[in-house]
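Look at the two complexes coming up: chain A is in both, with chain B in one and chain C in the other.
The block that comes next holds the complex of A and B.
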């Protein structure tokens, strides 16, 4: 193996952390130097991850790096280890791309704020900790990284501390986030007490020898809930909403696109590699159940939101619910679908948060009830928003469709194979959640970008190019990953999925060949890991052809009207001075602002569900004590379920 | 070259653009005549919908001042194209579909969604408050029929799976057609009859026909989603509406009435058209003549309780292996 490449994982993490400290040293003198340091460290981390693509994803190698060359002695791993397999690198790529986009966006987006040195220092520490988490090969470092991640994220959430609710949101995140970290720590301590090691590979090798040791099982419950907190799964979703609503948009991107992915990564690592227990029905029910409940409750909660970013926050958890649901199915198709959706979620949700940020940057408001008609003033942002909204609602040919399509198949397949009604129900919930997602993005489109333009936003300008470039990067990724799912599957998903199913290889690469076999772990991974055919975009070439035909026909039919049309649009500009009787909607009456407010848009639906909504409204009380209680109850529930039933 | 020509033929002639438009005009014309007869009127000529379309095309296009022009013009075209592309997935009259993908039922489900979304986004881009109310209703109607529709799709997909079948080809229309060619139409399976009835209810709501046309209620909200449209874009929307009548009835035929064949391709197509006519009468003309429009919350309640209940019953029966 190329020894030079071997150093890339640690270098990528180091350069982000070093960048953080250098930023705080040089940043006070010159904004240019500060931005330069940030840009260089982000780009370097991204480039190193890309350089690892060939050996790890394409050739299937696993890169292990022992800090200080403390390699395992006689089958015991004492040193700190980084272990990068395809699964880690897959998430590493997601993280570095998201960090890069978010950082570039911040340069212009944050220019209204002061003390930016603190912002970038925290930002780079957050990035480094997240990258460290997904590349780490031992459990305690995962915990350390989770701690750094949580605290920097809390600080960044409250960065605009003059905003109403900023400190409150950060406090909630801090308190309940600590609950999750504590749960992780307890799980790690339990494992350590039983197995006397913290190395992931060694733990994974030793667990089967423990049989039905209740402490090991309890550790599983604690670790699972710890990662679930980091992914904001039900019942932790109110935190995400409060944090996202007040955080800067670039940080919202990080929280939804990167931090929740750490939870997802943790759950995959835990269930597939560490415990290898996703073949047990109870674990499947547990993981899939948590995913499905989060998916549904969050999408209905999004219906009631008045704040653009709160709405996006609930959708974020809903989409993570999709990911967890798919991962919990325990089949190869499920894992690849989940990974695909995880990647897509980072892309489209990032894009949506950035458009929300653009709206906030230009108008100063995120209130769905007072905004409107911005498509006239910000046409490019509108286009970007529509791409993001179509992706998250799963409209073909965007990427959300390709991954949801796999998730439905995975859930149905699992249900048909086991004859179990639970998985069928999950499939139905997933399909319905998709249409509800669509509905709430229609609501955003109608109440922010279309409809009537309120008086106070008449002078709003389009965002500068420097903010549109990061958005375009994500928008292009939305389209590319949607149009070429076969390639995505072959080069990204299949290697990562095989890594998830090949715990023995993971162990052997860290602990020396034959270690897994000596501890009774089946080697060779899962044979025939071919998941089913991909959604084939060839049909889309046909569709595009149809569209061109239809356009041609319309153009032909409409051609005699072209002159009149031009005339009308030229009138359009002068229309403001005309008499009110030419106002189109009010038959001669003077025009009034009469748009249906965003939150009242789907009255017919909400009326029928009013009891549910009023219950959920009470449930999301906004009191941190309540949220902590929900968390404790959930941990207790999972603990009891695991100990009694496993 | 041959491949290109044959796909051109599929896209433009059969079952693509031309066939869909002809069928749409035919079904819509007959529907208007039947409704007229039920109301003791003579009714318009058969091609009236086509004349309306042509007339609209010749009219001036007025773009409202609040509209976002690009979206306002693109929405009807994209919606229409997406709708036509659905026909390429349908194995019409026992033949092979022009384009066969994996899990194409899900693709069709989402393409139908895309068509409605185009209506909604177009309405939204027109900036009118009436369109705003209309799109809200359209969306609620969509949520309403989506649940039973999904349940029907799941029930049918499960019904054709025999124990031991490979699970790599689920949600495939081709597999459904093949199964019916071997075992007779699915409607003859008693466990699927509730699902078929549910699907009959889904058709008019998806098309937006009278008792369920909450989104386009002329008398209350000035045609809602279409309030601001005029000229060729309106004509395209009208045509979309007609073609949707054909696509939905054809989908029903493919799901439940497959495998009925005479052995001669032309006769099969005529038989297929006949089924579409009967379904149009049953699901669209008859309720149109008999019922007054529902309120939007009634539509939602009806679909999520009665219709979804029927579909769920079928799904449970099928899942239990009946």
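The block that comes next holds the complex of A and C.
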């Protein structure tokens, strides 16, 4: 084994933290030196992660590094270790690429703000903590990194503290996020009380010997909810929405592309490597259920939004819901579909947040009701936005299609194999969510980039090249990962999925060969993925057939009389509605620039579902006590479910 | 003996959560966060306690198989956790000061411009 490469994980983390301190030392003197330090640390971290690709992803090695050379003695790991297997490196690559893009974008995007030294210091600390989290092999280290991550993210959310609501969003994030941190810490304390170790590999080896120990099961519930908070799963999605809407766009990219991935990584590590309990139906229902509920509720919430980035935030959690749903299926195909979608989510959601940032940078507004017609003034940004929107909606040939296709297959395969209606239902929910996502992005495209150009935006210019380059990097990645799904599967997803299923190897590499076998953990692994290719003509033919059938059924069922009745009744209801918002679709005379009600394009859908929408609107009350209550109830629910049923 | 510690720590956590859910004054909400932290710290430090053990301070020469001491790892964890808790309180209080300047109130029911 190459000993020099063994130092790369710790060096990559250290260089980001050291960069943070150097930035605050030299940054006050010169902006150039500050940007140089930031660029060098980001590039070095990215290069080190890329250098690990060959040994870890292609040759299947696991790199362990014991800090201070405190290696395990007599089968007990006292030292702190970094352990990089294919799963960690997969997330490490996502993190470093996203950090690089976000940092390069910030150089131009943040130039209107002052005290940028603080911004870059916090930014590099955030990057370092997230990288430390995914590469760490020690449970308490993960907790410390989660805390650094939360603090820096809160501080960066409130960075533009004169911006309406910035402080409020940051405070809510801190207060309700602290529930997640506490939950993690209580889980760690419980595990330690039973196993007397904090090393992930050793915990993983010792848990099966504990049998049905209720403390171990309660620890699972607490750790799961801790990571779920960090991934902003339902019922924590209001935090994400508040934080995204007020944070700078480059930080929105970090929160949605990187912080939520830490939660996803934690859940995969917890369920597959530590507890290896995703073969139990109850855990599958729990994880998949959380994913499916987040997926559906967030996409419907996005319909109600009038702020560009708040809308994107709800979509972000909806897509994380897809990832968790796929991960919870417990099959190799499910995990690789989830990992694929996690990667794609970082790419396309990052692209969308950066285009939103570009619009904000040039117009100073994120309000969907007042924007419009920007495609005439910002054609290149519009093109980039459309690429991102097509990807997130799952349109071929972009990457969102490839990963969603795999998720549908995984859910359907799981349902067909077990004959369980639940998984088929989840598959249908995933399909409906995808349609709603597309509808929602048509609304955004219509109200921001098309339609009429308001008077005050006549002089808007295209964003500078320095901001377009990061967006183009992401857009090209969107297309490349969508066009070559087979290569992505073979070189990225398969090694990471095998690592998730091969806890024995993870244990042996850290604790010494034979340690896993001594504790009765069998070697696992995944040979290949039974997945039908996205570009398989047969499946396309079947899709075409299904769509034709659906259209035919709708056409046959809706006779002309029904259509007339429906029109009349909708007109009647139209008259009953007092809210002028619903009328702009027809009249458009309330204001000159109503642009066919661009931001209310789907008023009919919203009107028919008005009870649901008004309920959900009240549910997201904005009061921090309510959000805390939802979190406490969710934690209590999971705890009780795990203890009673497991 | 130890059961008292565990009951106490979960009672502290429950009190803190009650405070965070029921109190509408932001300062009280932050006091609740602090209580949850203290409860967790008490839980961790109790986990490592061995009745009758000595303090875990030895030189290599003194350390034998027969040495009986309390587990030092949870104490280190508790120290870290206390530091993190202090940072959290400081940070949230500084945010509250700024919020008070902007909104002119500490009532959580009035600080809800981001909703829906």
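Following the convention adopted for this analysis, the second predicted complex is superposed on the first by the 574 of 646 C-alpha atoms of A that agree within 3 Å, B and C clash if a C-alpha of one lies under 4 Å from a C-alpha of the other, contacts with A are read in each partner's own complex, and residues count from 1 in each chain.
The criterion applied here is as follows: a residue touches a chain if its C-beta (ideal position, glycine included) is under 8 Å from a C-beta of that chain, and two chains touch if they have at least 3 such contacts.
All figures in this text were calculated on a predicted structure; none of them were measured in a lab.
Of the two partner chains placed around the shared chain by superposition, chain B is the only one that A:431 touches, whereas chain C remains out of contact.
Of the two partner chains, chain B is the only one touched by A:421; chain C is not. Of the two partner chains placed by superposition, only chain B is touched by A:607; chain C is not. Of the two partner chains placed by the overlay, only chain B lies in contact with A:376; chain C stays clear of it.
Of the two partners, chain B and chain C, it is B that touches more residues of chain A. Shared contact residues of chain A with chain B and chain C: none. If you check the complex, the residues on chain B that touch chain A are 7, 11-12, 16-17, 57-66, 68-71, 76-78, 80-82, 84-85, 88-89, 99, 101-103, 106-107, 109-111, 113-114, 117, 120-121, 124-125, 127-130, 132-133, 135-137, 139-140, 142-143, 146-147, 150-151, 154, 157-158, 161, 167-171, 214, 228, 231-233, 235-236, 295-297, 299-301, 304, 315, 319. Residue ranges on chain A touching chain C, taken from their complex, read 140, 144, 147, 151, 154-155, 158, 161, 164-165, 167-172, 174-175, 178, 181-182, 185-186, 188-189, 192-193, 196, 198, 241-242, 245-246, 304-305, 310, 617, 620-625, 628-629, 632. Within the complex formed with chain B, the residues of chain A that make contact are 373, 375-376, 379, 382, 386, 390, 393-396, 401, 405, 408-409, 412-413, 416-417, 419, 421, 424, 427-428, 431-432, 435-436, 438-439, 442, 445-446, 449-453, 532-536, 538-539, 542-543, 545-547, 549-551, 554, 557-558, 560-561, 564-565, 568-569, 572, 575, 584-585, 594-596, 601-605, 607-608. Against chain A, the residues of chain C that register as touching in their complex are 13, 17, 20-24, 26, 29-30, 33, 36-37, 40, 43-44, 47-48, 71, 73-74, 77, 80-81, 84, 87-88, 91-92, 95-96, 98-99, 102-103, 108-109, 111-116.
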